[in-house]
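Labels run A, B and C following the written order; every chain starts at residue 1.
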Amino acid sequence: MTTSARDVGVAEPELAALPAPRRGPEFLYFARRNVKLLIGVSIVGLMLLLAIIGPFLVPGDPNAYVGPSAEAPSSAYWFGTTTFGQDVFAQFVHGLRNTFLVGALAGGIAAAIGMVVGFTAGYRGGVVDEGLSAFTNVILVIPTLAVMLIVAAYLTVRGVVVEALLIGFTSWPWAARAIRAQTFSLTAREFVDVARLSGMPSRRIIFREIAPNMSSYLFMTFILLFGGAVLIAATLDFIGLGPTQGTSLGLMMNNAVLWSALQLGVWWWFVPPGLGIMAIVGGLYIMNVGLDEVFNPKLRET
Amino acid sequence: MRRYFLRKLLIYLATFVVAVTIDWAIPRFMPGDPVQTLISRVPAGDPESARAITEYYNSVFGLDVPIWQQYLNFWSSLLHGDLGISVYAFPQSVTSVIWHAIPYTLGLLIPAILISWWAGNKFGALAARRKSLDNTVLPVGYVLSATPYMWLGILLAWGLASELQWFPISGGYSLSVEPNLSLSFVWDLLNHWFLPFLSLFLVAFGGWAIGMRNMIIYELESDYAHYLEALGAPQRLVRRYAFRNAVLPQVTGLALQLGVIVAGCLVTEIVFSYPGLGHLILEAIRNQDYFLLQGSFLFIIVGVLVANFLVDIAYLVLDPRTRAGMQGGRA
Amino acid sequence: MALRVEDLRVYYRSLSGDVKALDGVSFAVADGEIMGVAGESGCGKSTLGKSLIRLDTRMRYVAGRVDLDAAELPIWDDGRMNPYRYKAVSIVPQYAMSALNPTRRVGRMVAELLQSRGIRPKTVMPELERRLDLVGLSNDVLRRYPIELSGGMKQRTVMVISTLLNPSLLIADEITSALDVSSQRAVAEMLVGFRDREFVKSMIVITHDLAILYQMADSILVMYAGKLAEKAPAEAIITAPRHPYTRLLISSLPEVGVRYTDRKLSGIAGKPPALLDPPVGCRFRDRCPLASAKCLEEPPFVEVEPGHHVACWEA
C-alpha cells in the first residue's frame, strides 16, 4: 500500500473510545460480579471445606461398625448408618477427601501431559505435529475404563495414587488437542516471530510468551479435567476398580447397591455420595462457564 | 476423500494393535507369576478343562516360549476367536459368555446414544432461540450432565422401581418367564429395559442439549449469519443454517463421548443387574476372572473403534467440505 | 435527492456509559452519486454505514431522520426496516470473505435467500449469471462451496449478490482494506461499473483510503470523532481542502516521487478523543494548528461553496 491515510492516527477499530483496560484489576472486577462464577466457586469451596474439616470431626476408620444398622439420619448420625452400622457421614467426608485428591492429582497429570503434547505439536507443526496427533488419537479412542479393567485384574492392591495415575494417563488427549489448536493460532502471531528472531530457545518461547497468553484457557482446561477425573474415578470405584483401601463416594454407592439399599429404602446411604459428586462436578462446570464469560469480553452480558 | 478414510482406518488399526498389546503386556508388568496366579484361581475338579486352560495359558504366557512367540500366539488365538475359558462361567468359553451378553448392552447403548443425541440437539437448538426456555434448560442441562450415570440409575431404580413399583428393578426379563417370541415376552423385555435406558438417555441428553445450545449461539454470531440478516433474511433461514453448521462439531463430539457413554452404560447395567457386558464385568472382577476381563476389554475396544468409524462416515456425509476434497473445518 | 440524513445519532452501549460514535451527522447523496466516507478508525464511518441498514445489538438509535427516495427509513425498528433491506438498501460488508455459509453451495444459498425474501429464484437466476459473467466469474461458482473459491472470487461474488436486486442505495464497508493494490483497483472499477449500468443508484463507500476514493468517488465526506468535518466533490477535497483535519490528512499522504530523506513524512500529532465523554466544542480542537478560543463552541456544518460543506470556524 503506497498511499494511505491510515498511518495517521492510532486507535483500535470499532470502539476507540473505551479506556484501555489493565489485566489484573479488570479480571477481578468482572470475576466478583459474575453470578455463575460465584455460585460455582461457593459450591466447590463448600465441598472442599467439608473434605478438609470433615474427617477431623469424625476421626477414626470410616468403615468401622459403630452404630445400629440401617438407621435414618438423626442427631447422632447426621447421615444415618449403613446396613452394617457404619457411619455414613464419616464415610462421606473421608470419601470426599479422596475424591478431591484423585481429582486434583489426575487432573494435574492429565493437564501436564496435555500441555506438553499440545504445546509441542502446536508450536512445531509439521512432522512432529503429525506424529503427536496420531499418538493422541490412538489414546483418545481407548476408554479409561477398559484399561483399568486389565490393570485391576492383576493389581490386587491398589491405592489412590495408582487410580489417579491411570486416569491422568488416559484422559489427557482432548486437552492436548484443545491446547494444540490454541497454540497454533498464537504461534502465528507476530510476537512469537519476534521471540524467535531474538534467538530465544523454543522451550522459553512456549513458557514465557505463549503459555501466559493462554493462561485463562489453561486454567479452564484444568478445571474440566478435574471434573472429568472426579466422574471417572466415581465410575471406577463403583465397579470396584478403585482403591482397595479406604473409602470413596463411588465405593459407597457400590456397597449400597450391593447390599440392597435400593430395595430396603436405605436412601441415606446412596443419596449423599451421588449428590456430593454432582455438586462438585456441577459446581466446576458452572465455574467454567462463568470464567469463560469473565475472560472473554464478547460473552459478557451488558 | 479416500485419503481421509485411509488415514482414519490406519489410526484405528494402530489403536487396536496398541490395545491388544497393552492387554497382553500388562500381566507381565504386574508383580508375581501370572501363570501360577491364574491357575490357582481355576476351580479344582474337572481335570479336562484344567488341562485346556493350562494349555492356553502356556501358549500365551509359556515361559519356555520366547516372548515374541507368546505375543504371536496371543494374536493367533485372538484371530481364531479364542479368548480363553471363563472362570466365572466355567466351563463356557469367554467368547460365548460375552456373546450372550452383548445384545443387552447394545440394546441399551444404541437407542440411548442415537435418541439422546438427536433429542438433545433439537432441544438445545430450541433453547438457543427462546430465552424463557433457555433459562430453565441451561441449569437443568448442566445438572444432568454433571450427574454420574450410576447415581441417576440408582435414583431411578429406587424411586420408580422400588418405591413406586412402576418398573422392575433388575434383570433383563422376569425370572418366571421363558424367553420366547410372544408379545408378552417382548413387553416384559421392554419393561425391564426402560429404566436403564432412561437413565442413560437423560444424562447424555443433558450434555448434548448444553453443547448444542452453545454451538448455536456461536453460529448465530458468525459473519454469514450477520450478512444474511443485513440482507433481510428471516430468522428461520438464519437459524436453519446455524443449526446445520452447529451439528458438525456435535458429530465430532459424539465420537469423543463414546468412551464415556459406554462406561455409563456398564455402570447402569450394574445398578439394574441388567444382564449385559457391565454386569459380566462386575462378576469377572469379583471372581478374579482374568480372561473374561480381557475379553470384555477387547470387545469394548472393538466396539468403540467401529462406532468411531461410523461417526466418521456420518461426518463425511454431513460436512460437504470434506467431500469436496478439502479439509475445511478441523475434524 | 436519493438519500437524506438529518442529525443522525447512534450510540454504542457499554458498561461505562454510552459511546457517542455517531453524534449528529447530516448530509445528502444524490441519485447516481458515489460518496466516499473517509476518516480514522473509530471516527464513526462504519457505524454510519451499519446504521443505515441494520443496527447490531450493541448499537442504540438515539435521534435523527433518514429518508431514502422521499420515504422515511425506520432504522430504529428492526421489523419495519426489513422490507427495505436488500431491495432498497444493500450492503457489501467488511467481512465479505467470510460472508457466505461455508456448508452451502453458493447458488443454493442465493436461491434460498431470495425465496425467503419472497422472490422466485428462477426469475432472477439468469440476471445473476449475467452479472457473474460481467465481473469475470464463471457460472460454475454457483455450484461451488465457498471454500473452493479464492478470496478475490468470494469478494466479487458477494458484491454481485448484494446488488442483485438493484438497490437504491449500496453501502460498501471497507471492502478494499484486505486487498492488494491491483485487486483494489479492480473492485473500485467494478463498483463504478455497477453504478454506470444502473445496478445501483447511489453508493456510500466507507474506507480510510483516500486514494481509492479519489479514483472512484464523486464526492467525499470526511468524518472525525463521530462528527462531520467536511464534504465536497472529490476533486475539491484532494486539491483544495478547507478543514484543517482534511488538510493535514492530505498532506500526510506519501507522494510518489518524493524522497523522504529530504522531507519527512508528517502525521497528525495526538489521538482522537474518547467518545464516552467527548470534549466540548470542536472535537478536533486539541490537535488543530488553527485552534482558538472560538473553537470551544461547536462549529456548524455549513455550505461555504456550492456543494462544499465544512464544519470549521476558520474555513
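Please note the rule applied: a residue touches a chain if its C-beta (ideal position, glycine included) is under 8 Å from a C-beta of that chain, and two chains touch if they have at least 3 such contacts.
Nothing here was measured: the structure is a model prediction, and the numbers come from that model.
Closest chain to the protein CA centroid?
A
With chain centres set to the mean of the C-alpha atoms, which chain is at the far end from chain C?
Comparing chain centres, B lies farthest from chain C.
Return the distance between the CA-based centres of chain B and chain C, expressed in whole Å.
The answer is 55 Å.
So the centre of each chain is just the mean of its C-alpha atoms; given that, what is the distance between chain A and chain B in Å?
Taking the average C-alpha coordinate of chain A and of chain B, the gap between them is 22 Å.
Round to the nearest whole Å and give the separation of the Cα centres of chain A and chain C.
Using C-alpha averages as centres, the distance is 48 Å.
Inside the complex, what are the residues of chain B that reach chain C?
Chain B residues touching chain C: 222-224, 226-234, 236-237, 241, 244-245, 248, 319-321, 324, 326, 328-329.
Given the complex with chain B, which residues does chain A contribute to the contact?
Those in contact with chain B are residues 134, 137-138, 140-147, 149-155, 174, 181, 227, 231-232, 234-235, 238-241, 250, 253, 256-257, 262-263, 265, 267, 270-271, 273-274, 277-278, 281-282, 284-286, 289, 298.
Going by the contact rule at the top, pick out the chain B residues touching chain A in the complex.
11-12, 14-15, 18-19, 22-23, 26-27, 30, 34, 142-143, 145-151, 154-155, 157-158, 161-163, 169, 221, 256, 258-260, 262-264, 266-267, 270-271, 278, 281-282, 284-286, 288, 290, 293-294, 296-297, 300-301, 304-305, 308, 330
Would you pull the chain C residues touching chain B in the complex into a rising list?
53-54, 56, 82-87, 90-91, 93, 95, 98-105, 112-113, 116-117, 145, 147-148, 158, 162
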